[in-house]
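Next come two complexes, and both contain subunit A; in the first it sits with subunit B, in the second with subunit C.
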Partner chain A sequence: MSLLAQSIINGLITGSIYALVAAGYSLIYSTNNFMHFAHGISVVAAGYMVYWLFTLAGTPFYATCLITILLSALFGLAMYRLIYLPLQRRGSSNVILLIASIGILIFFQNIIQIAFGSGVKLIGYIEVSRGIAFPGGITMTVLQIVILLISGIIFIMLYQFMQKTKLGRNMRAVSNNKELASIVGIDHIRISDFSFLIGSALAGVAGILVALEQNLSPLMGTNLMIKGFTGAVIGGINYVPGSIIGSFVLGMAENLGILVLPSGYKDAIAFSLLFLFLLFKPNGILGKKEGRFDK
Partner chain B sequence: MIFSAYQTHIFILIFIYIILVVSLNLALGYTGLLNLGHVAFFGIGAYTSALLALEGLTYIAAMIAAGLFASVFGYLLVIATDRLRGDYLAMATLGFSFVVYSLLLNLRDVTRGAMGIPGIPKPTILDFTIRTNDQYLIFVLLVCAISVFIMYRIVNSPFGKLLEATRDNAVCLRVLGKNTLSLKYKAMMISAFFAGISGSLYAHYITFIDPTSFYISELILVLTIVIVGGLGSIKGSIVATALIIYIPEVLRMLDLPSSVLGPARQAIYAVILITILMIRPKGLFGKVDLE
Partner chain C sequence: MRTGTIFIVILVVLGILFTAGCADTETPGETGEEMIVVGIMGPYTGGAAVYGNAAKDGAMLAFDEADLPNVIIVVEDTKSETREAATAMNKMVSVNNVQAVIGDLISAATLAAAPIAEQNQVVMISPASTSTDISDAGDYIFRTIPGDDGQGIFAANTMHERGYTKLALLYTNDQYGNGLAGIISEEFTAKGGEIVADETYEAGSSDMRTQLAKIKNSNPEVIYIVSNTPDSSVALLRQITEIGIDANIYGSEGLKVASILELGSSVEGIVITSVSPESEDFRQKYMDAYAEEAPAFAAQAYDAATAIIMAIEQGATTGEEIKNALYEMEFDGASGHIKFNEMGDVEGGYVLVEVRDGAFVTLEE
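And then the complex of A and B:
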């Protein structure tokens, strides 16, 4: 019984990291309508930023986090302005943008590998790795509780932002109908700027948490991206709350799945779910019907 | 011996990649079948051929089996993704290569997982065993010439014109009473078949394979070559393969440590890919744009 409870808790923790990746990804997808696959490398770059600033340079932890989130946001904006926007201006199709974004991911993955080596890196912020035992035979580290709390707070803030603020409403307007939005005077390039800033800042937060929770490796970007993307597809890629819920479903499926399957199949579970959803329910559980299926 | 040992190695790789790239161009360029999972066919071919040869099958039979098995997967991929369009199709085909990768990694009883398969025998053809790289070079050159010739004949046949018509205007073709779905199946299966053949040549040349050889970084290389050469141009694919495999060899003159050399090569491929997409997405000899 305690094994099951522990697996559910682990599923929630994994799910909340996937959800942070997926939320940013899906925010960018819904406003820009193309697959920003390089989002995964934003997460990894943020993780290495923490390693560099905190572990190597000895910057205070909270300052490190702040700088990392800021730089992540700017990194995302730079990708949009320097690569995607010029491509869009010359009329490239979504498929070309997707291929370019895979190129960006591979490029930075290898730059990180050259700069930091291919071995795994530890952040070594030990204050948060203390385990706490809960009734029912569940143990969680302080960090894992922090992950659950922070991601919960961020999701509520993101939802409020999308629903209540003018910028959030404009974003949803662009996501809903780009032409109509520009007719009523919404500058969609400015909205895209903000979607990349906010989405990549979320990737920064995810990167910090991943860096603390797991070991860092340059190659983890692809895997994280597939997980975030799978979560987004399960929940509905063009609908941010859906992609968050989908990520929790994925986290649960992985952690409950390895109760019956060998633990090596964790990734296979995610890949199979991704493929099945793309084939049979490409708009996800909660996604809007206007998805570009069969268009 | 005409070339240095290292040059021979590069030439062998170039000929193996020419088959792989031209086969992708057949599907992606000529037929307009978006496929970001082509390296999966390459991997399936490599594993099939290696495992069968280790079981004692003669090389030619193992190579043909590798092509056929890969083309079965090509058939499955078309069944699975026929209803998808645009970036959903792109992601589904990419997802297909992830599924194959994780199967290679996890079906440990068959593929030995991350440990890979060592000691793949060098090909033996009619009692003659290919031992040196020079002999292997001649062998790959032959297989490459035959494969490219067949694919060249295919795209220039009436059947090839139908494939191009599928790409340009499928609706029109259906009005004319042609079965476009069956054309797609055939194109993808031919494409996968030759990818499987090149996978087999690769496995028996390197003599060791593991799942990481058939993953996203390999995909970037193949896509870069096809796009640089140009969609729908076999000549472009051949020229681009030679160019792009050769360019990073400049790095060797800088005397970089091997831990930097590999990632630097990958980074260069990525830069070439992004640059060509931004400057000239049609590539060197391309006839069509990507979707």
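And then the complex of A and C:
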């Protein structure tokens, strides 16, 4: 029983990290309509930023977090303005943008490797210690509780923002129908700017939490991106709340699945789930019907 | 449109250049007919890069010392991937015309490249691959590190002698992990012990919480960890503490990386089964050359290079001649006494290393 409870908690923690990655990713996808795989590198870059500012340079921790989120947002914007937008203006197809995003991912992975070395980096903000034992045989560290809380708060804020603010509504309008949105006077480039800013700021938060909870290595972005993408597809890649739910489903499935199956199948479970959804429910759990903007 | 395409091409080319890393010749000398090309391959980027660079530095130390005028060194990065290892070996055989190769490190990668070396009569000496399958990989395939059967038996014996009866295994889901864990499991149960949990993880992953929850639930007295990527090692050791497992922790030599020491007091008392330490003489030499402690596999790579150098000094010029010379030779190397048996393996000895006061301390046997 305690094993089951602990696995559910583990699934939630894993899921919330996937969801932070997936939320930003799907926000950018829904308004821009192309795969921004370099989103993974935003997460890793944020993690290394924390390592650099906090562990190496000794900046106070909360200032580090603030600067990191800010710089992540600008990093995302820079990718859009300097790479994607010029390509779009030259009429590049979404496939070209996809390839460019993979190029950016690999490029920055290697830049990080050159700058920081290929070894594992630890932030060392929280000393490694035994987690708190809860009734029901669950053990959680304070950080893990914080991760669950922060991601919960962020998802609620993101939802409110998308529903209640003018900018959020405009973003949804663009994601629904770009042409129609531009006819009513919504500047889609401005909307893209904001989607990259907000999406990459989310990646910054994810990066900080991943850096604290796991460790840093230059190549971790690929794995995070794949899992975030899988979660987004399961939940509905063009709808932010969907991709958040999908990420939690993925985290749960991975952790509960290996209670029954040998643990070597963890990734196999994730990708089987991806296949099943692509085959039978390509728009995901909450995703919108195909055809609305896939013209 | 055209500039866009050019931009992408540049981006991709840069990406390839950077990922290809060290794929260039270290000593661009004359490629005359009398030159002998020796390859060094291993992971210089990717999860196992720490070990790969250590091995490359160790091997280069031997070549720099010997300073043979008729030897060219070629280095290929294999990122510890089987596909890359096969590609690197193919390239070195067909483009560089190598006669001998030092590498790869990861067993699966070595085994992927071995058939190509064997077919083309190129000697291959791995400084780190311990999978038992390497023994049967071919006549041209050697290694300067003893195989897993030795370490597995040593680990199982040690844990049995220390009175443990309930063992949990946690290992990387690859050739090395499955091989070593299999041997330990066999030996430990043969001695009357019980394997209470048998869990794996993908190399490089950093979330093992549910595996650890299962292990915790099985109440082991001791956990044996087989890990060959530092990021996984750090992650799982940290999660063992966080999830509150009280069992004693043992592990294979892959755990002997400096980054785990950063975990502080939570890694105190971890016992690592490791091949006998490098000679004092080598340790000093390495320190002088690179200003750091010799990491794992540097000494074995130094010995692999020394073996090839000795063969060349004896007049061997082709892969076949080097191979024949290797089976004949015997010397006291940096990692111990080197004498290849008919499988191309070395005997080697093992010691226990314990983490004490934030440092790796070799225990006296």
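What we mean here is this: the second predicted complex is superposed on the first by the 286 of 295 C-alpha atoms of A that agree within 3 Å, B and C clash if a C-alpha of one lies under 4 Å from a C-alpha of the other, contacts with A are read in each partner's own complex, and residues count from 1 in each chain.
FYI, a residue touches a chain if its C-beta (ideal position, glycine included) is under 8 Å from a C-beta of that chain, and two chains touch if they have at least 3 such contacts.
None of the values given here were measured: they were computed from a predicted structure.
Asks: Give one word, clash or fit, describing how subunit B and subunit C relate on subunit A after superposing.
Replies: With subunit A aligned, subunit B runs into subunit C, so clash.
Asks: Is A:Thr139 in contact with subunit B, with subunit C, with both, or with neither (first, second, both, neither)?
Replies: Second partner only, subunit C.
Asks: If we overlay the two complexes on their shared chain A, which of subunit B and subunit C does A:Phe275 touch? Say first, second, both or neither.
Replies: A:Phe275: touches subunit B, not subunit C.
Asks: State whether A:Asn10 touches subunit B only (first), subunit C only (second), both chains, or neither.
Replies: second
Asks: Should A:Gly103 be classified as contacting the first partner (subunit B), the second (subunit C), both, or neither?
Replies: In the superposition, A:Gly103 contacts both subunit B and subunit C.
Asks: After lining up the shared chain so the two structures overlap, which partner does A:Phe34 touch, if you call subunit B first and subunit C second: first, second, both or neither?
Replies: Touch status of A:Phe34: first partner only.
Asks: Touch check for A:Ser118: first (subunit B), second (subunit C), both, or neither?
Replies: Touch partners of A:Ser118: subunit B and subunit C.
Asks: Report for A:Tyr48: first if it touches subunit B alone, second if subunit C alone, otherwise both or neither.
Replies: In the superposition, A:Tyr48 touches no partner, neither subunit B nor subunit C.
Asks: Could you look at A:Tyr84 and tell me whether it touches subunit B, subunit C, both or neither (first, second, both, neither)?
Replies: In the superposition, A:Tyr84 touches no partner, neither subunit B nor subunit C.
Asks: Let me test your reading of the model: by the given contact rule, A:Tyr25 touches which partner, first (subunit B), second (subunit C), both or neither?
Replies: neither
Asks: So subunit A touches subunit B in one structure and subunit C in the other; where do those two contact lists coincide?
Replies: 83, 86-87, 90, 92, 96, 99-100, 103-104, 106-107, 110-111, 113-114, 118, 262, 264, 267
Asks: Okay, in this complex, where on subunit A does subunit C touch?
Replies: 2-3, 6-7, 10-11, 13-14, 83, 86-87, 90-92, 96, 99-100, 103-104, 106-107, 110-111, 113-114, 118-122, 124, 127-131, 133, 139, 141, 214-215, 217, 219-220, 223, 254-255, 258-259, 262-264, 266-267
Asks: List the residues on subunit A that touch subunit B in their complex, please.
Replies: Residue positions touching the partner: 34-35, 83, 86-87, 90, 92-96, 98-100, 102-104, 106-107, 109-111, 113-114, 117-118, 222, 226, 229, 233, 262, 264-265, 267-268, 271-272, 274-275, 278-279, 282, 291-295.
Asks: Please name which positions on subunit C make contact with subunit A in the complex.
Replies: For subunit C paired with subunit A, touching residues are 1, 3-4, 7-8, 11-12, 14-15, 18-19, 45-47, 49-50, 53, 173, 199-202, 204-207, 209-211, 213-214, 217, 230-231, 233-235, 238, 241-244, 257, 259, 262-266.
Asks: Subunit A touches which residues of subunit B in the complex?
Replies: Contacts found on subunit B: 34, 36, 80-81, 83-88, 90-92, 95-96, 98-99, 102-103, 105-106, 108, 113, 215-217, 219-220, 223-224, 227, 259-260, 263-264, 266-267, 269-271, 273-274, 277-278, 281, 289-291.
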